[in-house]
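Sharing a structure here in structure tokens format.
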Amino acid sequence: MTAEITNPYDGAFRGKAHYFALRVYAEDTDFGGVVYHANYLHFLERARSDMLRSLGINQRAALETGKGVYAVAEMTIKYCQPARLEDELVVVSQLLEVCGASCIIHQKIMRGQDTLTAATVKAAFLNPAGRPARQPVEWVDKFASIKAKPG
Amino acid sequence: MTAEITNPYDGAFRGKAHYFALRVYAEDTDFGGVVYHANYLHFLERARSDMLRSLGINQRAALETGKGVYAVAEMTIKYCQPARLEDELVVVSQLLEVCGASCIIHQKIMRGQDTLTAATVKAAFLNPAGRPARQPVEWVDKFASIKAKPG
Amino acid sequence: MTAEITNPYDGAFRGKAHYFALRVYAEDTDFGGVVYHANYLHFLERARSDMLRSLGINQRAALETGKGVYAVAEMTIKYCQPARLEDELVVVSQLLEVCGASCIIHQKIMRGQDTLTAATVKAAFLNPAGRPARQPVEWVDKFASIKAKPG
Amino acid sequence: MTAEITNPYDGAFRGKAHYFALRVYAEDTDFGGVVYHANYLHFLERARSDMLRSLGINQRAALETGKGVYAVAEMTIKYCQPARLEDELVVVSQLLEVCGASCIIHQKIMRGQDTLTAATVKAAFLNPAGRPARQPVEWVDKFASIKAKPG
């Protein structure tokens, strides 16, 4: 146990879906006693970043070597039930579509069996000048290997 | 001028549309040098709160007297161009629909003539227990008066 | 492994010090490419909340049963080196002093052997009316047991 | 009035002190119904940025031309009373000291005559490599002109 305490949490794939757990802290809440609506987007983004890391994709290296970076181009989000302080949540993410310059990901924020929030996100790959660009081929291959999995 | 410095900014309606100006600060940006995608939702929420205030609707009083509060139930958002540090932006909001227990609002974040972000937001009115409830009649009347305006 | 993925990360005590690991996400950064200075306070607060949880103190229950809640009363913080996207950090927290109505905690945010940020935080216990109040005796006992540990 | 609605708020100096007004929005609050402690740092930073702008200092240009940027090096902050949703606040900032590579600024967040929060901030000037650097001479001259004012 001792070693693990100083390692941050990592999510992982199970079949086609990526799982990412988190706890709700004070920073996430608002005066209503529930998670502030914009902060669920933080949870979704952490899960997408972790999904890339799970696939061996290093976003920071891609940024620093001038390859490019993902940016959210479109999002549809539905808030069904609120999350509260200290809730333990799991973000379940699934790649719906991989296009040349973008991915479409479906994400759910769950508390136990309940879906609190559901979102569909289009992430576009941008070159360092901020223009849409083709995703690196080796990344697309990794995405394809996930989509080919059972489950 | 002296008095005004200590008054926070207020937006206002012009015809059917509500205008709310703001400046981008460091807190709003991310490592990409642009506004972090979740933070545009802050701008949209400030504008919606200001729209209510412009109509004489006091959200804090409604909360404190146990009437209820608006919560975002659904949102579709499209990110077209990024905003950057110190940009001066204007959020233009328009009521599309007023239902019994919710409103649908269209919002654009503009920099000059350019639309950076466009969103459609469904705001549901919730009672103190967090359940959907009818919006106060006097508020619906105020919304109707706006929708009846020319322009 | 399968079970753990859906459990959020928990920090823990080792001797007198509490350790809490985290990773830097896009939400934490600003246009300078580093963590925005106010967001280190999120990391510190997550670690303090986790420290209470490690001691079996349930903040949410204390809030819901009308006991009270901790609030930051004073903080001194020194920013030595910046943290960057995807950095793996550890927050090391130590109770310096337990008074009747407040605690003083020293916290460091580390990346490997480097201290990036160091803070001393006075957390005051507030009753539901927001006034300073005595900390629950059983909590003070838990704090004392930590301070009595070797190391 | 029509023109002003689409201009964001600007603070200003009165004598030696800079005034910056703002309103508390949902994004600023936490489950306690008050402003989350880290978010007061946003208010302070907005005021400091506005102070520079009031002096004709363009931070974004300084960044883009490779001059450098200010970063918070140290801060001491005292939370006296909480701010709440829709509160109208004024941040009063005063330059205490201008050194070669840093400034020390005292800031208060006021609601009417009450000081809610008081902070002393050391802002260090960093070159694009992130190392401490001399502040541009013309900026230091502007700071000196403020410190020489009566009041």
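We just call them A, B, C and D in the order they show up, numbering each chain from 1.
The definition used in the following text is that contacts are C-beta pairs under 8 Å (C-beta built on N, C-alpha and C of every residue); 3 or more make two chains touch, one makes a residue touch a chain.
Values in this document were obtained by computation on a predicted structure and should not be read as measured data.
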item	value
Pair joined by more contacting C-beta pairs (C-D or B-D)	B-D
Farthest chain relative to subunit D (centres taken as mean CA coordinates)	A
Interchain centroid distance [CA atoms averaged], subunit B/subunit C, Å	34
Chain centre separation (subunit B, subunit D; CA means) in Å	25
Distance from subunit D to subunit C - Cα centre to Cα centre, in angstrom	27
Subunit C: positions in contact with at least two other chains	26-27, 31-32, 34, 38, 42, 45, 63, 84-85
Touch list for subunit C against partner subunit D, complex	31-32, 34, 37-39, 41-42, 45, 63, 69, 71-79, 82, 130
Subunit C residues within the subunit B interface of the complex	26-27, 29-34, 36, 38, 84-85
Subunit D residues within the subunit B interface of the complex	1-2, 5-9, 11-12, 14, 19-23, 25-27, 42, 45-46, 49, 53, 58-60, 63, 84-86, 88-90
